[in-house]
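Structure in structure tokens, see below.
Naming follows writing order (A, B and C), and every chain is counted from residue 1.
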């Protein structure tokens, strides 16, 4: 096959066409929700609100910005660990997320914020769009280094569409709780990405094996991503929770889970190394599994020690996955998972889904209080025959639906991306920025020193 | 000319004198506004406020911190793209911003928060001081690598002064809307800086051409700056908007504009490269133009698709500017624009100003509602004969005033900075940290490896 | 002595045992406070709260996240300045902080949030846990590069315990004001760490002298830490202040102090260099001293110019400390202070404590208003014979108690850490990541270039 990686027409045309289409659709469909509309001044009077603070904006803005940082800096820099793929990691993540949030505003809008004529957007829509794109960033981790930006735009287009449908099924039809998206974001994104990676299997990828490792500084750049994901994960899991105690509780639970996860990740990383040394891959990734695993139960009554247990387990399972499962997936199942998303988002996402089913099914009035239970599970809105047991079963069903959608969707999108004209690189040029980026020449370091000495500023 | 770049007395004396003067002026003039004063406990009772949340602090603190990050990390790291000028980019930006915010608190305070005896500061003053310094950071981008820190302190002193006067004319006399500062911050800062750069023209700058490019890792450091600017720009454009729907709307609009801008920047960057490759300069800069272009209209009724269109146009114009205009400015107009601020802040700032004039002149009661219109444009405070048309014309006038002030001020400051005793470097030592910084010796990388193997920890 | 740095069993066992113990203790003791409990729905009705915003969450969440960033990115990256110790700086800081916050939730909980049966945690507990760990991060700076992660876990265990007791004495028994922790966090952490470093004195540390310096890029990574600490310090000093004006005032004061501190740090750095050049060590550290020095008085009536003076002095003293005191401490007192925490946290912490005593003792009704004074110092809760003078004396006593606890605790912990079986490295392998981390091989840079040219994409 002749690999043509020159994107001079394909990438610009794709970007411009998509953006023009988005503008047209936004023009027809998207308007401000009341909280962001100038008519809100009148609405305040009608609703008898005493203060501007009752605007949804003030409940969610700090969380929104934290989530925004996670998507663009968190995921973007986490993937810069590769020695020669930093531009693409940050840059393509930037591109796909910027496209994805616009498309997600439309897709999620039609399904959830459509008033019959317009999609009415407010801050919650922006958060949900970021969430949706988060699942694309996860999938990007599985195919990192092996796809062109055109392929990424196509993948984003389809994945956002499928994500929105899956989310609609889970949240609106099955009425599951999944505030931090263990199922809808992480498990869905991971298995979607892994399926795509499986279809795009490259038997001769060992030709770019050398570039698939890190350098000293690329690992430090990746830690920027890791830490911003880790620190802001409490915002992620609480961003769209109910006002008040639910947001508050989701933060405490996520904080606890992530802290526990660091200790078990470190423990396993050292225990599994011949000389007891730590591996940056585990510190960069497995330490985050506690946030993934807590995504479904974040606002439920797991209690702080329950959160610690989930973090404890996720750290162990995730590190084990990096050591044993990733090589197995590649050699036996022909799934080349560049970032190990299976260990960070796949399994912990499933753990989170299961934890959610269990936690929901043991909910009771002692734990929540009568009104608390009704508020937490939205029972007043739902059908009368609600019981913790049903909720638990629906939670489990939600997990299966997510996995099924991910696998089916991944196969379809994978087949589309296999077409040979998307500008993908040959196996020996994977994980290499120079394919799609103008790369600066490395400076001659000797030249710098001689200049330095030539400065000779006169003494005062 | 003999270049004396030894700042041993000039820089310390400048810093200490300025700081002592600031302390004296703060002692005479600056006090806390009521919201930050212990008497607020009584004020609450008098004003019949039911909750501490009505303190201005809670409306603006998250936005303030985001803006703060943009000024110090955003601008600071954005400019680290140069291979040997990272210390200066981050460090001098830190210095000038730290000085500038103090001087801005005084200048803006005298013009806008003076009660006849004291300047009363609260969080809004801090945000405005950061905004003011933002325009200095923009100008810094134009002269980056060619000026000494003493020159930067002088430039900051004058630019903050001029900025405050210009801002006073626009906001208080012309009563224009410019919540994100397309005119007051970006256009003013860019053309001020470009004028200074024009006066400081260095005909032999090609002697340090080699150092004017980036390295692989310096480009990644710069992306930290880009992304924090990009992510937090919604906070920038909404930080001093009216409470409630205006802040909310400004966030949605900026979010949309920036997303669209990424796609057109990528499209043009690829289309303009012979082999369709992307250029990091465009990704680092042009992707932000959508935020600049939306600065004036952020809280107005542009609607989400209007924001997308502004972002779309700004991304294209900005990338074109980097490819065609920057070389033209240097070769024909003798304006050496190190960071291309003309493309990122200059033209998009003008676009923003024009968009503001147009958007204001088509404002009507259908779009805003009667009370919404009055609230959005502060009509109750203003003269009776207000009409959208007048507002539009005043907006346009504001843009011209800003440009005129920038050019006139830039000439004056440029002439002052041309004086030969400010410690500036010769042409062949521009863009070089070693002129003003103690630089670590590069480690012998072989040494590290041998040490590594010498560790030989005994097996357990 | 035979140095066994293989931690294969020691580190995993330590982590897992600690985490299991934490889970058990959390299970027995930790529950949600009312604001984070589902019963809050009912509580709102009982307390007649009109809005969910009255949940403590909305007062403190933005500050909490900023503090969180300071602990993990701020301290973590600040310490990456060493050329070969970036993984350990970020990674061990991550580990000790993740463990520390859990243990602090328990220790501080028993002493301050215990209802007789349970520790009731809410967001304020999380902030306080981060604060407590902040003092461990400070101490880590003193011993950086010379201890194993096992030693760090032990140090954290003891230091958190001592911190909590010291904090209880100061805040609950002496009822001192210390909202930003000049005394409890910075002075305590610094002198604790310095005492440990003194006991762990390594006479042959010059063998790893070469690795004790920075490289060009490691200094830029460190600036990420510096700037996030600097920018978010206003949140640090205001995070647990009283609602309303106190939080607002603490932000303004800290903002001013830090800005002044940058100018004097730069001035002294240049003045103390033979050729007037700036030293990155000072820019990275001394610029932050203004935040430390303002920790005790942040919410008191120092007035903006008082804050500037504190920042002015701290910047000077801190830079002088780096130039003259650190070498003196090492050569004469045998205290090897890797990060110069004595200059950044030690002396400025003492300055802060003294400033607090002075400011408190001149408090009066003119400055605060009658109700303001009562609210600021919590007089209604306290004994009747309160006077500014007593408060000042108690503040001074608090400083002495903190220093005494730090020295006594540091000796005990230092002696424990001297035991030879904690996996510490020999003197010639200090400051070296390869001892505890799997390090990537440096890529052959020639290989990359040849690959680059081999790509040869066909022209379109």
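Everything below uses one rule, namely that contacts are C-beta pairs under 8 Å (C-beta built on N, C-alpha and C of every residue); 3 or more make two chains touch, one makes a residue touch a chain.
Not measured: the values here are computed from a predicted model.
**Q** Which of line, ring, star, complete and other names the graph you get from chains that touch?
**A** complete
**Q** Answer with same or different: of all residue numbers used at the interface between chain A and chain C, are over half used by both copies?
**A** Different, since most residue numbers here occur in only one copy.
**Q** Using Cα averages as centroids, what's the distance between chain A and chain C in whole Å?
**A** 31
**Q** Listing for chain A: what residues touch at least two other chains?
**A** As it turns out, chain A has residues touching two or more other chains at 6, 8-9, 50-51, 53, 58, 62, 217, 224, 275-276, 439, 442, 457, 459-460.
**Q** In the complex, go through chain A and note every residue touching chain C.
**A** Residues in contact with chain C: 2-6, 8-9, 50-51, 53-54, 58-59, 62-63, 66, 83-84, 210-211, 213-217, 219-220, 223-224, 227-228, 230-232, 234-235, 243-249, 251-252, 255-256, 258-260, 262-264, 266-268, 270-271, 273-280, 283, 287, 301, 303-305, 308-309, 312, 367-369, 371-373, 375-376, 425, 428-429, 432, 434-435, 439, 442, 457, 459-460.
**Q** Quick one: which bits of chain B touch chain C in the complex? Just the residue numbers, please.
**A** 6-16, 18-19, 22-23, 26-27, 30-32, 35-42, 44, 50-53, 55-58, 61-62, 64-65, 68-69, 72-73, 76-77, 80, 86-87, 90-91, 94-95, 98-99, 101-102, 105, 121-123, 126, 149, 217, 221, 224, 275-276, 436-443, 445, 447-449, 451-452, 454-455, 457-460
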